[in-house]
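In what follows, structures are represented as structure tokens.
Each of the two complexes below includes chain A, the first together with chain B, the second together with chain C.
This part shows the complex of A and B:
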């Protein structure tokens, strides 16, 4: 037929892709062989080749965690033999290399461990930049818990104000509150910022209101309820907090939500737990609520049954 | 004599088309004709596509400011029945007045500045003199050094300030792409899906809209739609937040695409239950949620974008519209809408290009004079306004074109009349994002029907900020003119003169126009029968119906139907293969 395009079929494409893949596997095997051969022959005396050969392996496969540890041993030995100036250069190069790896493999445990290890070896780590890198990664995947954990590591080792981090969790929660990590980050910072009991209580009350917007928007979402549970637990432990009144108000709000969503397990469970905390509610009422939960959410029957012992 | 004859033949030949026979001839490059032309050529049909105008797109075209001004001016006296036909045209050009005002203002400022500088210079000189006196008193030998210092200072005082020459609106005019009939595209709507599946998207550029607003109680409210924006919103009470979410969840449950047969049946059952409970009426369904008036308008005018005859929208239609909105969220941005960067007129052109790539022939500024039929009334061909007669099996055009050719047959059509306003201002509305869509529910600015406003800030004059383009569109009923329908809403948002603009902080209208246009769409009855005339060769297609409805779903449907009639069992706009998958240079 004249004028009709000949297009490659899916089989042809798949075949071409398979050939490429096989070639890649072959290349990888040869890289690994070079690395192991060198490792055997050098007998624990490391040099630049040790670094470059292991780097090639990790570029292809960062999950090969013993190679990361091998690199740690190299740096440890270099520390004995090299000047600090040269060492710092090597560390900076390592940071750059890790950065490239993270971009391609943002969820590999070993890469993140290695970054933490190197960043503390640096004379002065640019923590501001580290934070920015994290924010960039979290824009791509807001639930990347490695990244959230690294942020906590940064806070621990830098002078970045905690308030700034709190603000960051607020914006992240506003983007999408179905995010356990950002709620958790909040709960780990708040007690550090508010050391004065009275201020802390006021802030926690604000937080109750904040999280209420989330629970009313999506009562099925567990992340905001877990934060709510943390708030109840925390306020209870502040001496002289008069927390019962606050919990009573919470109960009232939660009951209002039950009215709107009578079949949703979360507000019912939370209202039950609040009643247990406040105390002095009739046994029958609590039992009815437990039985209702068992009916609505049979998967967690044993947990609900265990609550019978607490009332 | 011979010479003259030869010239005549030469002249005639220039107007010829190098082929005498086509499978399909289309007249008019409106939306439906253009998509159809692309699809037919893609499926291997030979296509001739004509337009009487010198530009592509007809009603669906985008214009520069001067092109638009000419078009509007011409349609004041010429009653051309060929799309785009406009009526009740009013154009107000205040740009010269404002530019003159700005020039005077600038002169005044410059003068003040000069005076200020002069004053400063004098003061400094005075200081210097006293200073010099002081230093002279202290130090008698420092004279020479002081002199050179003084010179330096004087040089600093007379810098050559190059004022950027401000371009006039009409000089900027060519940067605008102004749509006669603008619309928005749902990110997951049928148009965007088709652009992707057919690879016609490579001819286009889009921008995600920034924000949708509802104008009620003299306030612009963000239309919260994503979970995040509802959570963050401060307009609604907790209870209202729950109700909006519940409404969205209900719609999602009804419409979630599923492979599972059982789920499908469940969905159908639920839809039927709701249908019988609310008499198949969308408005009744919405009312059943017991929302407050404000929240209800958010749902009716913000989430569902079918605004014509709200009372009679079927439950299914309404639910589908909300579903389209909700599923389009967070696809390319927080807003569910895309806007073509260079105007909606780019879309029909993209399909025309696709048609041309697959061998379609285009001739603009050429119309059809007559159709020829054989004794059995079968279409034989067409005679154009110029060039040789052309044989064809099918001829397709919109009702207005067909009427000029075939007066014996009238096609039952529905005419819809829209009132439009196009305005260019010096800035965007306060507290709005650059690219915004604003919905005015009925009776907010003494309007009978919903008014849709499109604000285009950074994409209308991308390189030179400081101009904002506005489109107002509303369905017009009876004989009311565009000005009668829209003036009070326009006055509500914009100022007509500088004084008003300064005192109210409203954007100032520099150029504006009101006009009406009328669309002819085919009645549903005819659409069902594939839009045919007696012999099956002459097909009629609707003008591109827009207005207060969004996207191009109905146009696509009609184009598809016509395609299936001409090419039964062929794929409608099959994906164009990627260049790297094409096997070149093999013997065929």
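This part shows the complex of A and C:
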């Protein structure tokens, strides 16, 4: 149970609520019973009733995973017994049904997996539409990892250009810097678009500028700093990238931010890590920065202390 | 509902052990709510959470062992796997819980071990990953569950361990964390499963420990609680996912344990017992277990010590002679030294 606030109630109100709840339970159990009875009597020979009765159960309780399995078995049998035209219609109906479920229960593993399963059975899945559905859901909860995962699934199975997805992450990041899921998505797409080392380096330099916008606007937000770490990590991996010069520039910019935000731990930490990466900075300077971090963020004192061994 | 009176202990500084025990043993006796009916499929996991929490509070004898084992065995399917309840399909998740429950009841001998092992082994895919059941969903959670279950049953040799490691490492991100499948964002719950699987397979050497340790310790927020991903809010369940991972890679001191302890205590329900996800929310058995497990791992309140990988009391694993090189409270750790 997540985020269910405990509310104080009167005895009278509790009684009334219980009466309503009992009614709800009775209805639910009767829906489950109809499905179970039918399942027993049909003896493995599925028909439209199998689909409609199980749909009713899932509409009330999408976590009832055995019922999703049951529907997969139904479709597997239909594949042997029905013409493709009819099958495709059934798949489309299923996509519609899942779409309703997914909007009511956007965090159910079972629903998302069922959608992936059905989408690959379609002769041609409307991936544009799928992308739109995700965007709609991400507008309600921009960190829903099922949804981001499904976007990557779409990329994998469709011809939608990667550039479009990159654009989407730009929009989401500009709406809200504090959305690491978008930054993550960006980090997973960029290497796929920029396969040429030189172009990739140029793009990463642009990305340093882009993320600077975020770190300077909200220096306390960890999302953009983690993306900054990804940029440093990535540019280092590219042979002959002259990354030291790029990091030196980053260091300069980060130090500027420290001047503006002397009590914010993030630019100090990143400045320190950049100095360790570049090398040849005076020990005392690095030690001072570690001590400052310990002062500003004492909860993580032992992590910072471990950095003494790295300088 | 009881009213608060001035004699009540301060739950922000004390652990309400007796109340939590009462809360758990009464879970099945209460008036059945709508929530009860729509979570029927989760009963096996629920029993594992409740039972293990009781075990950590030295109160496992409060449960009716025989009745529960009979029910548990009724959930096994002809293919060897366990369902989340009688009449529910088999799945790796419920299969692991069933095994973890039997270990705690010292009743693994009730199990046809070969049939369970066979069930699990068949779920490994060519790329080393595991599907959760015959319907094909892949997730690093399932890798962990399969590996943990096989280890408890003493049959790890039946799977391709190198391939299993290879797949998990494909799910590793630059930040040292892991996602559910290759390309997925790092998530503390997923990290627990990947670190655990690698620990059991004796491949902690493939983990980028300092990087991961930093990412994990950054999960602690100023309120002392932990979140599961950057810029999310805190939740008691991460007191297990993050703390266990930090503990396995020997970086538990990278977060402020006292502050986390206080956060968990604040999430206790001082009326009914049980622990909630956040202070002031309704408690449930899931968060009750993870809160208590977190406290146990950090060594507070004389709780029975839990192993950060197997999520079972360390003493039981010692009895099974399972090697726990990461666990300083274990006999095997002492022997390895």
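Rule of thumb we're sticking to: the second predicted complex is superposed on the first by the 284 of 311 C-alpha atoms of A that agree within 3 Å, B and C clash if a C-alpha of one lies under 4 Å from a C-alpha of the other, contacts with A are read in each partner's own complex, and residues count from 1 in each chain.
We adopt the following convention: a residue touches a chain if its C-beta (ideal position, glycine included) is under 8 Å from a C-beta of that chain, and two chains touch if they have at least 3 such contacts.
These numbers come from a predicted model, not from an experiment.
> Figure out whether A:127 sits in contact with chain B (first) or chain C (second), or with both, or with neither.
After superposing on A, A:127 lies clear of both chain B and chain C.
> For A:117, using the defined touch cut-off, is the partner it touches chain B, chain C, both, or neither? Pick first, second, both or neither.
A:117 contacts chain C only, not chain B.
> In the three-chain superposition, say which chain, chain B or chain C, touches more residues of chain A.
Greater contact footprint in residues on chain A: C.
> Give one of first, second, both or neither to describe whether A:13 is in contact with chain B, with chain C, with both, or with none.
So A:13 only meets chain B here.
> Examine A:256 and indicate which partner it touches, taking first as chain B and second as chain C; both and neither are also allowed.
first
> Which partner does A:175 contact after superposing on A: first (chain B), second (chain C), both, neither?
First partner only.
> Is A:217 contacted by the first partner chain B, the second partner chain C, both or neither?
first
> For chain A, what residues appear in both contact lists, the one with chain B and the one with chain C?
1-6, 8, 178
> Can you list the chain A residues touching chain B in their complex?
Its residues touching chain B are 1-8, 13, 174-178, 212-214, 216-219, 253, 256-257, 260-261.
> How about chain B: which of its residues touch chain A in the complex?
Within the complex, chain B touches chain A at residues 227-228, 230-232, 238-239, 241-243, 245-246, 359, 577, 581-583, 586, 588.
> Any idea which chain A residues touch chain C in the complex?
Checking each residue of chain A against chain C gives 1-6, 8-9, 18, 21, 24-25, 28-29, 36, 60-61, 63-66, 68-69, 72, 109, 113, 117, 143, 145, 148-149, 152, 178-181, 184, 187-188, 221-223, 226, 229-230, 233-234, 298-300, 302-303, 306.
> Please name which positions on chain C make contact with chain A in the complex.
My answer: residues 1, 31-35, 37-42, 83-84, 87-89, 91, 133, 135-137, 139, 173-175, 180-181, 183-187, 210, 213-214, 217-218, 220, 222, 229-232, 235, 251, 253-256, 259, 269, 276-278, 280-282, 284, 286-287.
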